[in-house]
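Below, chain A partners chain B and then partners chain C, in two separate complexes.
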Partner chain A sequence: MFFALTFSILASAFLLVPLIKKFSGARVLVSLPAGLAFFAFLFMGWPSLRSGEVITHTLEWFPSMGINLDFQLTGMGFVLGLLVMGIGALIMSYASGYMKGDAKETRLYLLLYSFMVAMVGLAVSNNLLLFFIFWELTSIISYLLVGFKHEYETSRKNALQALLITGGGGIAMLIGLVMLSHVGGAWTFTELTANAHLITESALYPYILTLVLLGAFTKSAQFPFHFWLPNAMGAPTPVSAYLHSATMVKAGIFLMFVMTPILGGTELWKTTLITTGSITLLVGGWFGLTQKDLKAILAGTTISVLGLITFLIGIGSDKAILAAILVMVAHALYKASLFMMVGAVDLATGTRNINELRGLKKWMPLTATAALLAGLSKMGLPPFYGFIAKEYLYKAAIPLPMEWIQAVLVLGNAIILALAIKVSIIPFFAKDKEKQESASDNPLHKNELDWTMSVSPFVLAILGVLFGAFPNLITPMVHTAVHSITPEANLYAVKLWSGVNWPLILSIFTVGLGLALFFSSRWLEKKETPKSWGVVIYERLLEAVLCLFKKTTRVVQSGYLQNYLAVILIATVALVAWKSIPTMGLWVSYESNLTLTPIIIITAVIMLISAFWICITKSKLNSIIALGVIGAGVALLFAYYSAPDLAITQLLVESLIVVMFAWVIKDIKPHNLSTPLLLNSWYLIISASFSLLIFTLVMKSKLVNLAPAISQKMVEMSYPEGFGSNVVNVTLVDFRALDTWGEATVISIAAIGVWILGKNLISKKS
Partner chain B sequence: MTLISSSTRVIAPLLILLSLVILYRGHNLPGGGFIGGLTAAAAMMLITLNGVPSKFEKHWNNLSLVLIGSGLVTLFCSFLPSLMTGAAFMEAMWLPTVYLPILGKVKLGTPLIFDIGIYLAVIGFSIKCANVFHANSSSETDH
Partner chain C sequence: MELIISLLIAGFFGTGVYCLFQRSFIKLIAGLILIGQGANLLVFSVGGLMSLKPAFVGKEAPPMVADPLPQALVLTAIVISFGLIIFTISLLLKAQRELKSDDLNQLNTTDTL
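What follows is the complex of A and B.
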């Protein structure tokens, strides 16, 4: 009921959005289904989650294999679902302003809604395969959204890059998940958690872990796969804000969360996640520091934060998991807000270059306030939620024996702080000292754009303050989430102020370092970003694969019908002869009760002459007519031996083929017509051996009776069971209707092939 | 008016009528959807060869796709009775036999619907091929 309601509200968007677009002036209503689903999810899910009751639902899928559509609401899934639908609703309302007047508006809304469904499905699925399906759906929809401006080549290229990397990771993950269910003996997360010891002790554990983490790392843009994320920023801003900062990249994080009780806790898990996470933190930060484009800077910090969360999951202590969830929530709130702000600035001024934007608060006061609030949260200053997240992050890291980690964390957070100042303060509040002619002096729009575009970021930014000042508003939810990952965890209270302690000192140090980095950051900006080696490897690999397939295709697909025929015939002869000659022998003796009458002999002689004629003639028309004669002869034979249906069909097909041949005959260019076919020994060998094989088989088929023939049964049953006395027809439409149905589908597909070939032919000529 | 074009006017409708007869009687006598479809396709090819009347020209290209599509839909529809009555999927369902003046004993059932689907799909396929080849050969003579 719970899941059905949530999904059906979301699905109603596919009906409502086009209607709203068509009939209502208030386009902001497109966010309505997402908002409703959010509240339904919250008010129906939370009470039962809080009371400890588990909401599950199972639809049978492949019950014989133990694979079903299992849905279950967990604490972690609940938090993710709320983020997806809550931020989703705000993004939809923002998009209604951002996309105003765009012809592809509805397409964007519906893609965003499809994405929302997939993401909510991911959050509540309890089955590995179901999870995988939703996971892949998010990749595919992300592909469509990154490539939304498909008229630009870079847009298509970046979309493909994102798809290949996340999709490749997805395939690795699928293999990992199948191995996991094999070792763990179940398909559901809950049962696997119970069997966790089987999995971590198994010899396959390292492989499972690597494969599953490949999926998570590609999706969540972890080093060395991080490069797709900045490139995906070419998408419209609502997409970047929603998929590539707040939700989709969190899918990989979510996977690591749910895998913690199943795969986590081992040395391998800790080392991999902590190392990857800290490298990603620094690499993302460095990328952000070198950029001038607002969106690219935000992409860099997104990578950093994703690295930070991975790192925390790797530590895996109760405090670290709590901190990871806090960082995830805080990041989703401020990052989506900042992205929306950047989109508004971009639309208003026509640029995202950090050096051209100054003093925008004059024109866009509401957006500037939202940016300031979100930026302060991002910097991790009190009393914002980002501050709390950072304090708990340090609390989780301090007990670790490795000192270098604290240094990495302080540096990473300092970079994030410096970039936050750059993105959220400078464009709005700094004065332009050099008085250059810049885009912000002369914006395209001298005031706030559509109100929807400033309200959404504002709401998210305010939530960041609210949760920071009163963390207990959402602490219970965070705690259930922690419990769903580590059921025996101590639940630490989440407080804004916990006295002067090491985390606070580290925080102060972070702020100092961050300010220093900020003031030196102008020297770090690069005019042009060189391609990172990840991109280079990706491009080389893609090129190599395409080249390989081009070459293979050129060899396999020669384009000459005679070559294809030769391959088919040789293969048939070799395979059939290999299996049949040893058992049946080559010798053939004629044993049949069919009598040879003069008519049959005459027909056979005519057919033989025609066949010979085809071989020696040089005229295409002659060979077609001769072929027709052979066909007619076969029809005659059928008719004579009382198979009227076959005879009629044969005759009709022959006539139609001759007509069609007449149309295309001038285009048929045999490549060596200069020598008559008979003299071409190569073709002679092939056709002779093939006809010999067929001849032998036909003659032998009288002698071989592997199983009682079914044809007699069909003749007997035709009238009493099929109500028809034409056995051929009854077989076709009743006894073997499934085969006929398949054949009808095949000819329909063939028709499409003919159609496309014909189109190409004609367009090539004209 | 050439011999072909004048004879087409007579032969094509007759062929289509014949194809319908073949289609109908197929269950008990030689014939059926496939043979009927090929017969009708022959009529369609005659029309194509002879030049499509200008008022149909616009729809002629789409006709094949419509025929194929409706053929597949008809095939599927013939399975619906078995699905709805809870019988095994694709099991044939028959109406009680009736006796009509000209046709005599008439027994209608899902196999006939199935055969009609085959009939439509076969015509569609054949005239798609005919259209493509014909357009191909006439585009060559034009340029």
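What follows is the complex of A and C.
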């Protein structure tokens, strides 16, 4: 009921959105289904989650293989679902302003809704395969959305890049999941969790882990696969804000969360995740520091934060899991807000270059406020939710034995802080030193942006403050999420102020370092971003694969009829001979109870001579006459061997073909193309051996006796049931009428084809 | 199986295939027709040949008539191969018009038409 309701509200969007678009002036209503689904999910899911009741639903799918459509609401899935639908609703309303007047508007909304369905499905699926299907769906929809401006080549290229990388990871993950279910003996996450010891002790464990993590790392843009994310930012801003910062990239994180009780806790898991996470944190930050484009900077920090979360999941302690969830929520809130703000600025001023944008607060006060609030949360300053997340992050990291980790974390967070200042403060609040500001010097193309574009980022930014000041508003949900991952975890209270302690000192240090980085960051910006080596490897690999298959295709698909024919015939002859000669022998025996009359023998000889004549002659008229002779001969055979209907049809068809031929014969040029002798004798050998094969098979086919009962029944039923004395006719129009109907269809289609081609020919002529 | 009919079928298939190997349009069509005739004869003769006893029945079914089922199938096949051949002729005519040649080997790319 719960799942059905959520999904059907979301699905109703596919009906409602086109209607709203068509009949309502208030296009912001397109966010309605997402909003409703959000509240339904929240108010129906939360009470039962809090009371500890588990909402599950199972639909049979392949019961014989133990594979079913299992849905289950877990604490983690609940948090992800809320983020997906809540942010989704705001993004929808933002998109209705952003896409105003765009011809492909409805397409964007519906793609975003499809994505939402896939993402919610992913959050609530309890079956490995179901999870995988939703996972792949998000990849495919992301492909369509990144390539939304498909008129541009870069857009298509980046979409393909994102698809190939996440899709490749998805395939690796599928193999990993199948191995996982094989070792763990179940397809559901819940059962696998119970069998976790089987899996971690299995010899296959390292392979399973690697394959599953490949899926997670590609999806969540972890090093060394991070390079697709900045390229995917070419998508329209609502897409970047929704998929590539707040939700889809969190799917990989979500996978790591749900795998924690199944695959987690081992040294291999910890080392891999901690190392990858730390590298990603720094690589993403460095990428952000070198960029001037607002969206690229945000992409860089998104990669950083994803690395941070991976790192925390790798630590896996109770505090770390709590911190990971806090970071995830805080990041989703401020990053989606910042992305929407960048989209608004881009649309208003026509640029995203941070060096050109100054003093925008005067023109876009609401957007500027939203940017400031979200930016402060991103910097990790009190009283914002980002601050809480960062404090708990440090709390989780401090007990670790590795000192370098803390240095990496401080550096990473400092970079994020510096970039936050760059993105959210400078464009709005810095004064333009070069140009004198004046009222006439309005940088905006449009003075008024649609109000929906400022409200959505503002709401998210406000939530960041609200949750920061009163963390208990959502702490219970965060706690159930922690419990769904580590059921025995100590639940640490989430507080804004926990006294002067080591994390606070680290925070202060981070702020200092971040400010220093900010002031020195202008020297780091590059004029042109060189391709990162990840992109280079990807492009080389893609090129090599395409080249290989082009060459193979060129060899296999020559485009010459003769080659295809030769391959088919040689293969047929060889295979049939190989299989049948040992069992049936080569010799054919001849026996017949048929009386051969001279007329049949003479007809057959004439027909054979005509057939050979067609092969030899160079005259087109001779060919047509010989074909006519053969057709008439076949008709005679039909007539003689008790098939008058066939004879009549054959004669009619033969005449029509000859007429048609005669009609077009003047248009067909005489053929004086000769095949080289050697090649021709090769063709002759193939034809002859094929002919021999057919002869042998036909001679031997006396052994094949088709069931006579059908024919006998037809003869018996023809008159009493079909009311006709000609059994063949009754068969055609009655017993096998469907065949005849199909035949009529084929002829009609052919007639339409001939008509179109013929019309074309005539119009060309005149 | 009947020797003379088998020879005929094999001859049609062999010459038909040989015609397909040639490079001219008219041979291609002739090859298709020949193979079609061979296939029709093959199906027809599989039911057992019986001279001069067509499947006409009255109220009382006669004890021995020719098998009507292969005949019905072949009848369908004749008509369909007719459609196929007429369509091929128009297609090749069109191709020849565009290419100004009747060389089948110039039809090996999809893009130049």
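Methods note: the second predicted complex is superposed on the first by the 621 of 766 C-alpha atoms of A that agree within 3 Å, B and C clash if a C-alpha of one lies under 4 Å from a C-alpha of the other, contacts with A are read in each partner's own complex, and residues count from 1 in each chain.
The rule we apply is simple: a contact is a pair of C-beta atoms (placed from the backbone, for glycine too) under 8 Å apart; a residue touches a chain by one contact, two chains touch by 3 or more.
Just so we're clear, the structure is a prediction, and the values are computed from it rather than from any experiment.
J.: After the superposition on A, what does A:L692 contact: first (chain B), second (chain C), both or neither?
T.: A:L692 contacts chain C only, not chain B.
J.: In the overlay, answer first, second, both or neither for which of chain B and chain C A:K666 touches.
T.: First partner only.
J.: Between chain B (first) and chain C (second), which does A:A489 come into contact with in this model arrangement: first, second, both, or neither?
T.: Neither partner.
J.: Looking at A:L757 after the superposition, I want to know if it touches chain B, chain C, both of them or none. Which is it: first, second, both, neither?
T.: A:L757 sits against chain B and chain C alike.
J.: With the two complexes superposed on chain A, say which partner A:S642 touches: chain B (first), chain C (second), both, or neither.
T.: Only chain C is touched by A:S642; chain B is not.
J.: In the superposed arrangement, which partner chain does A:V634 touch: chain B (first), chain C (second), both, or neither?
T.: The answer is second: A:V634 touches chain C but not chain B.
J.: With both structures placed on chain A, which of the two partners, chain B or chain C, ends up touching more residues of chain A?
T.: The larger set of chain A residues in touch belongs to C.
J.: Have a look at where A:S701 lands relative to chain B and chain C in the superposition and call it first, second, both or neither.
T.: Second partner only.
J.: Taking the superposition as given, does A:I55 touch the first partner, chain B, the second, chain C, both, or neither?
T.: neither
J.: What is the contact status of A:T745 with respect to chain B (first) and chain C (second): first, second, both, or neither?
T.: first
J.: Share the list of chain A residues that count as touching for chain B in one structure and for chain C in the other.
T.: The overlap between the chain B and chain C interfaces on chain A comprises residues 644-645, 649, 653, 656, 660, 664, 667, 725-726, 728, 732, 740, 747, 750-751, 754, 757-758, 761.
J.: Can you list the chain B residues touching chain A in their complex?
T.: 26-35, 38-39, 41-42, 45, 49, 64-65, 68, 71-72, 75, 90, 92, 94, 107, 109, 111-112, 114-115, 117-118, 121-122, 124-126, 128-137, 139-140, 143
J.: What residues on chain C touch chain A, complex-wise?
T.: On the chain C side, the touching residues are 1-28, 30, 33-34, 37-38, 40-42, 44-47, 49-59, 61, 65-69, 71-76, 78-80, 82-87, 89-91, 93-94, 96-97, 101-105, 107-109.
J.: Touching chain B in the complex: which residues of chain A?
T.: For this pair, the touching residues of chain A are 644-645, 648-649, 652-653, 655-656, 659-660, 663-664, 666-667, 722-726, 728-730, 732-734, 737-738, 740-741, 744-745, 747-748, 750-751, 754-755, 757-758, 761-762, 765-766.
J.: Per the contact definition, I'd like the list of chain A residues that touch chain C in the complex.
T.: Counting only chain A, the residues touching chain C are 558-562, 565-566, 569, 590, 592, 594-597, 600-601, 604, 607-608, 611-612, 614-615, 620, 623, 627, 630-631, 634, 637-638, 640-646, 649-650, 653, 656-657, 660-661, 664, 667-669, 671, 673, 675, 680, 683-684, 686-688, 690-692, 694-695, 698-702, 704, 706, 708, 710-711, 714-716, 718-720, 725-728, 731-732, 735-736, 739-740, 743, 746-747, 749-751, 753-754, 757-758, 760-761, 764.
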